[in-house]
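Each of the two complexes below includes subunit A, the first together with subunit B, the second together with subunit C.
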Partner chain A sequence: MSWDWSVILKYLPRLLEGTWLTLELVAISGLIGIALAVPLALMRVSNSPWVRAFPFAYIFFFRGTPLLVQIFLIYYGASQFEAVKQSVFWEVLKQPYWCAIIAFSMNTAAYSAELIRGAIQAIPKGEIEAAEALGMSKPTQIRRIVLPRAFGIVLPAYGNELILMLKGSSLASTITLLDLTGMARTIIARTYTPLEIFLAAGVIYLLISGVFIGCFRLLEKRLNRYQHYRHQVPVELTKIDPRLQD
Partner chain B sequence: MNLRKLIVTLSLVAGTALAASAAQAEKIRIATEGAYAPFNMIDANGDLKGFDVDIAHALCAQMKADCELVAQDWDGIIPGLLTRKYDAIVASMSITEERLRVVDFTERYYSNVLSFAAARDSDFKTDKDSLKGKVIGAQRATIAGLYLEDNLADTVEVKLYDTQDNAYLDLAAGRLDGLLSDKFPAYDWLRSEEGQSFEFKGADIDIDDKIGIAVRKGDPLKDKFNAAIKAIVDNGTYAKINAEYFPFSIY
Partner chain C sequence: MDLQGFGHLLLSGAWVTVKLALTSLAFGLLFGLIGAAAKLSNFRLARILGTLYTTLVRGIPELLLVLSIYFGGSMLLMWLASFFGYTDYIEISAFAAGVAALSIAFGAYATEVFRAALIELPKGQWESAYALGMSRPQTFFRIILPQVWRLALPGLGNLFQVLLKDTALVSVVGLDELMRQAYVASGSTKEPFTFYMAAAFIYLGLTAIATASTMLMERASNPVSRGSRA
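Right, the complex of A and B next:
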């Protein structure tokens, strides 16, 4: 087998077209996913077993089944029912684009909710008790203490989840979408150069992941800046009495 | 004495190894797709069957070869041949210029035409003007898919599927206005329960499409297959298999 660089160059514009769709899918599903995940996580840490039941079942289902199966259920499954086809939802479910967004959003919401739940439970008890001692109501506590603290804790793990979703988005190609993977496979169907084109696609995925990782590093630095804070001792103080330091 | 024993043992071992490799060389591994009824599909027991499979078995019987059939996804089927996962592809594969650059083909074992299919009650015409804006499906990496991209990419919205079955599902679901596909497998689907409200539309598209068996470039297997194809066509085995699937000759 001979190696052909020119084929990568020739089809690069189409690969970039696919890259754009991949980014679109990840961005939109990511936003919807996190919007769903926060309330799910809050319900998940509730004291009432009734409130906990729904997010438990939801997370159990979406974490326990493969993403590919979920996509197929939504795309091919929903269209089997005449009732769905007659309903207003069909306008949305008819389009593979929205089917992919629904599947990705619901899937990432389940994983993210579980991550956020872990983060909420990892908040030091003392901080919540301090908020209570100050007389904060439950909603205020959540808004001012629980969520900001949880976001700081969850960030590294969430970056991981986003990268997993970027790679998972390649499954969109199974429902006729021409995302980066779909585009690569369509090009290969014509050129029979799987090594070259998949290498190019792989490098593009790697670059996107790299940008994600960089962004999350910056966010982490900002949200968890208290961890890097250096206590500065005033000069005059050190001169007076060593026991007064700190 | 000891040395002689050693030599005898060594030659015995070498002999067995040689015999074993010779036996392996007789074995031909053949790939097919398994999602292209009635040519190749997987039945309820998980076994491969269909026209391609029957032809492959008939050819192997003719060549007196020991054959093993494996199922392989369509868009990885040529790369798999090149990386020696198997030695031949009997999967209703069209002989094209592009494929000939990377593999060799035998003579045809049947000929294919393309046809549009759409709902019986739809006003579906196949001239370029009527097709404008329609959503047309085809399987990725097939002649039909390439035909749509080459000739109608600006006219219709092309949707490409991993398998022919998924394209049928979406036609039945109403996501597609029509389908462009190889005629014979579509003929089989139109007779099924899911396909009965659909029919062929317009004239057949003859694209001079010959279906052959793909082997690696320069593989002597090609000549063996060619001789076997000629033999089963001449001795009536081919006609018998043909009649099981279609009431007309597809050779």
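Right, the complex of A and C next:
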């Protein structure tokens, strides 16, 4: 076996092209995913069993089947129906790019909805009751109290979900997209240097996850400031009662 | 759902999926225990290697791992074999590559689960076993492992679900498991939606069975529900 560093250097621009597509897929489907996840999570905590049924079935299906099946169902499966092929949706569904985005968004929506549900249920009951006592309507409560609080609680877990999505985005290569993994496979088909190119791709994935983790640490510090805030007791008060010190 | 006589093909694929998942689980648990032991070791080098293992493997996609082991593994093996004077072509089977990739990935996550469980166990458990004259391996297998098992079970159950779904990735390198058979069937019938949906329901069934057996095992490992007075 001959190890060839120059092949990595030579194809690095192509790999970075693939990296860009990977980031694009993660960013777009992450945003759509959150937009879908919030209403799903709110329905999931509803008091009515009828409202709870749909998000339950949705989450059960998307968390219980492999992402690869979901991608293939959308990309290959849609072409089975003449009605779909005749409709306006075909413009979108015949492109692997949009199929990947649809599959990733729906998949991450299911996982994120479950995380947001946990966060909503973790909000101390007193805060909701306080909002009610102030006469807030249900939508105002959700907008001003429930969602901002849930957002702070869900953040660390969502960071993990984002990294899982980054790793899942490599499946885009199975439907001919040239994301980082797809690009690596194309290069290897030409040069037959799997170890070098896969190593380079792996390092790029690691760097991206590292950046994600760092960003989420910062965001967490900022959004959950109250947890890091050290309460300062005025000096006069500590003279009255020394127990108030710290 | 009309499967047009391809039902048995899907079932045979499902059987390969189950075999792949269980084999990877066995190796993955082993990697997880070794990883946790390394991360909690007194030796600095072992701790560094353990951290390196979990950080690297958890940061790269499982698909990339499957592809590198399948395509890169045979090159690596041939290179190693050349030192022993073996120069013929060595090929890694898709099943072996799948087991290797999935168990390495499972092991990295299991390392964290086992580590958390080992830390949670009171130190007195080790000390009292030593005081009774047990050796280190005896203590580990008789006192520590049964208790760690109970603490780690919920986390391991979740990881097994992930493993079960990740087996679909091995279809990319041509192993005849459920996903690949659905691909073959949809290719010859021109009904991809039907067959991928059928595959999806089989995966749902498998994950449901996995969840149920994890719950049973959790109950069996809990002394309270077993009726003992622990």
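Everything that follows uses one rule, which is that the second predicted complex is superposed on the first by the 240 of 246 C-alpha atoms of A that agree within 3 Å, B and C clash if a C-alpha of one lies under 4 Å from a C-alpha of the other, contacts with A are read in each partner's own complex, and residues count from 1 in each chain.
Going forward, a contact is a pair of C-beta atoms (placed from the backbone, for glycine too) under 8 Å apart; a residue touches a chain by one contact, two chains touch by 3 or more.
Model, not experiment: these values are computed from the prediction.
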Considering only touches as defined above, state whether A:Tyr205 meets subunit B (first), subunit C (second), both or neither.
-> second
After superposition on the shared chain, which partner residues are touched by A:Lys94: those of subunit B (first), subunit C (second), both, or neither?
-> first
Determine, under the contact definition given at the top, whether A:Thr186 touches first (subunit B), second (subunit C), both, or neither.
-> first
Chosen between subunit B and subunit C, the partner touching more subunit A residues is C
Of the two partner chains, subunit B (first) and subunit C (second), which one does A:Val69 touch, if any: first, second, both, or neither?
-> second
Given the touch rule stated above, what does A:Pro194 touch, subunit B (first), subunit C (second), both, or neither?
-> both
Would you check which partner chain A:Leu218 touches, where first means subunit B only, second means subunit C only, and both and neither mean what they say?
-> neither
Scan A:Ala133 for contacts with subunit B and subunit C and give back first, second, both or neither.
-> neither
Considering only touches as defined above, state whether A:Ser170 meets subunit B (first), subunit C (second), both or neither.
-> second
Quick one: classify A:Ala83 as touching subunit B (first), subunit C (second), both or neither.
-> neither
Indicate the residue numbers of subunit A shared between its subunit B interface and its subunit C interface, in ascending order.
-> 1, 76, 79-80, 174, 185, 188, 194
Listed in rising order, the residues of subunit A that touch subunit B in the complex are 1, 76, 79-80, 85, 94, 96, 174, 176, 178, 182, 185-186, 188-192, 194
Any idea which subunit C residues touch subunit A in the complex?
-> 55-56, 58-64, 67-68, 71-72, 75-76, 78-79, 82, 165-169, 171-172, 179, 182-183, 186, 190-194, 196-197, 199-200, 203-204, 207-208
Interfacial residue positions of subunit B with respect to subunit A in the complex | 75-76, 78-79, 82, 98-99, 101-102, 137, 140-142, 145-146, 149, 159-162, 166, 169-170, 173-175
Subunit A - residues contacting subunit C, complex | 1, 60-61, 64-70, 72-73, 76-81, 163, 166-171, 173-174, 181, 184-185, 188, 194-195, 198-199, 201-202, 205-206, 209-210
